[in-house]
Amino acid sequence: MLDVRVQTEDFDPGELQASLLAGQQEEGAVATFTGYVRQTNDERAVEGMYLEHYPGMTEKTIAATLKEAAGRWAVGAALVVHRVGHLAPGDHIVWVGVSSAHRGDAFAACEFIMDFLKMRAPFWKKETGAQGEHWVGARESDKQRAERW
Amino acid sequence: MLDVRVQTEDFDPGELQASLLAGQQEEGAVATFTGYVRQTNDERAVEGMYLEHYPGMTEKTIAATLKEAAGRWAVGAALVVHRVGHLAPGDHIVWVGVSSAHRGDAFAACEFIMDFLKMRAPFWKKETGAQGEHWVGARESDKQRAERW
Amino acid sequence: MLKVLFFARIRESLDCAEVNVEWQHSVSSVGALRATLAERGNRWQEVLSEENLICAVNQSVVNELHALNDGDEVAFYPPVTGG
Amino acid sequence: MLKVLFFARIRESLDCAEVNVEWQHSVSSVGALRATLAERGNRWQEVLSEENLICAVNQSVVNELHALNDGDEVAFYPPVTGG
């Protein structure tokens, strides 16, 4: 099972993890990543965040990344849930979960998916703070992280 | 917060993740690993598992690993929960969660902690299956994984 | 017809989320479309000459030389910042 | 007195979880204690000569040369398999 969801609603990491295994007992390892809205970003106090995306291309891009991960590592199931719309500090933004028979594969595939999602998937963050609104700039470090693979 | 729990009771990965952040909103990244009892191990059908440990040394060893991880990476909080006693296929065995301001640090610290827990913490698995009981042997691959760091 | 979409900072700068452009030989590549759109005014000229503007055709990232066909969906957007 | 603990397969093979050994010069290192314990019988001889037996003193892994002091807690166990 490789699946992608883009939604405005919140999600529950524990429920997503349970759904990833879906009752099967062959895969003993699950690695997950959860991204949250930080209260401070680059030393700016964040009051709110708006996440825009390119509907259709987002799902297509992440699905291609999941497929690539499943080709490189022993992936049982992989799920990405990404929120869009208005978010507040502490809110969940993204969840990535990978199950595998081998923990090394679960970790590698999970980190690979996050690195490529950050690098390729058409999402954009706009922060609201004391200085008003501004679009968050891309990080060079994210490009470097994706280039490692 | 660096914390270790060894317990016979089950745990809820979602609750553990929420407790890791404990309401703070400075760390935007959480990486977790969950290990489950597999139904099949080295091509043997597993009916049950018994986990023995060395009380005191287990906690001490894992606490030292957490401290080492916190010295090498930007770790906000890290928690390890490991079960002992009788378990069945599909049951949770271990949960490791790490929060950080940086996702690369969360991933690296989480994987490091799992690799060293596997290598050093005095737990032993005994499997029950069609052929009776037997103690699970250590894997050379686990040694190699720990030596990467 | 080409369906042309703009996202995030680019959309706001142009004050435009979507335009339809009639397909013809003068817009038969991404670079050519970009040059044609830039003629719409100073703001368009400025935004469309940004070096790190990304272009996707039918939801796949492409370069300036990519050929455009009638019916294509073309998107221009800034570097992505999700996750 | 030394408190000596055995775990998992080692505990089962010896049919013994814990013994107390009086501290004296003949058991003043891990290697010496191991040799002394091996004298308890064939089973002990066999199990304590296993190459990959691990020894911890006061809950830290040590080697054969490690000195033992009165009151130490010594544990012998097989390679670990947790996680």
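General remarks:
For clarity, chains are labelled A, B, C and D in written order, and residue numbers in each chain start from 1.
As a working rule, a residue touches a chain if its C-beta (ideal position, glycine included) is under 8 Å from a C-beta of that chain, and two chains touch if they have at least 3 such contacts.
Quick caveat, the model's predicted, so the values are computed rather than measured.
Within the contact network of the assembly, the step distance from subunit A to subunit D comes to 2.
Here the CA centre of subunit B is 49 Å from the CA centre of subunit C.
Separating the centre of subunit A from that of subunit C, both taken as means of CA atoms, is a distance of 27 Å. Averaging Cα coordinates per chain places subunit A and subunit B 23 Å apart. Those residues of subunit D in touch with two or more other chains do not exist in this structure.
For subunit B, residues that reach two or more other chains under the stated contact definition are 35, 93, 114.
Taken together, the chains touch in the following pairs: A-B, A-C, B-D. By the touch criterion stated above, subunit B contacts subunit A in their complex at residues 12-15, 17, 21, 23, 25-40, 89-90, 93, 101, 103-104, 106-107, 110-111, 114, 145.
Subunit D meets subunit B in the complex at residues 5, 7-9, 12, 56, 59, 61, 75, 77-83.
Residues 35, 51-54, 56-58, 60-61, 82, 93-94, 114, 117-126, 135-138 of subunit A are the ones touching subunit C in the complex.
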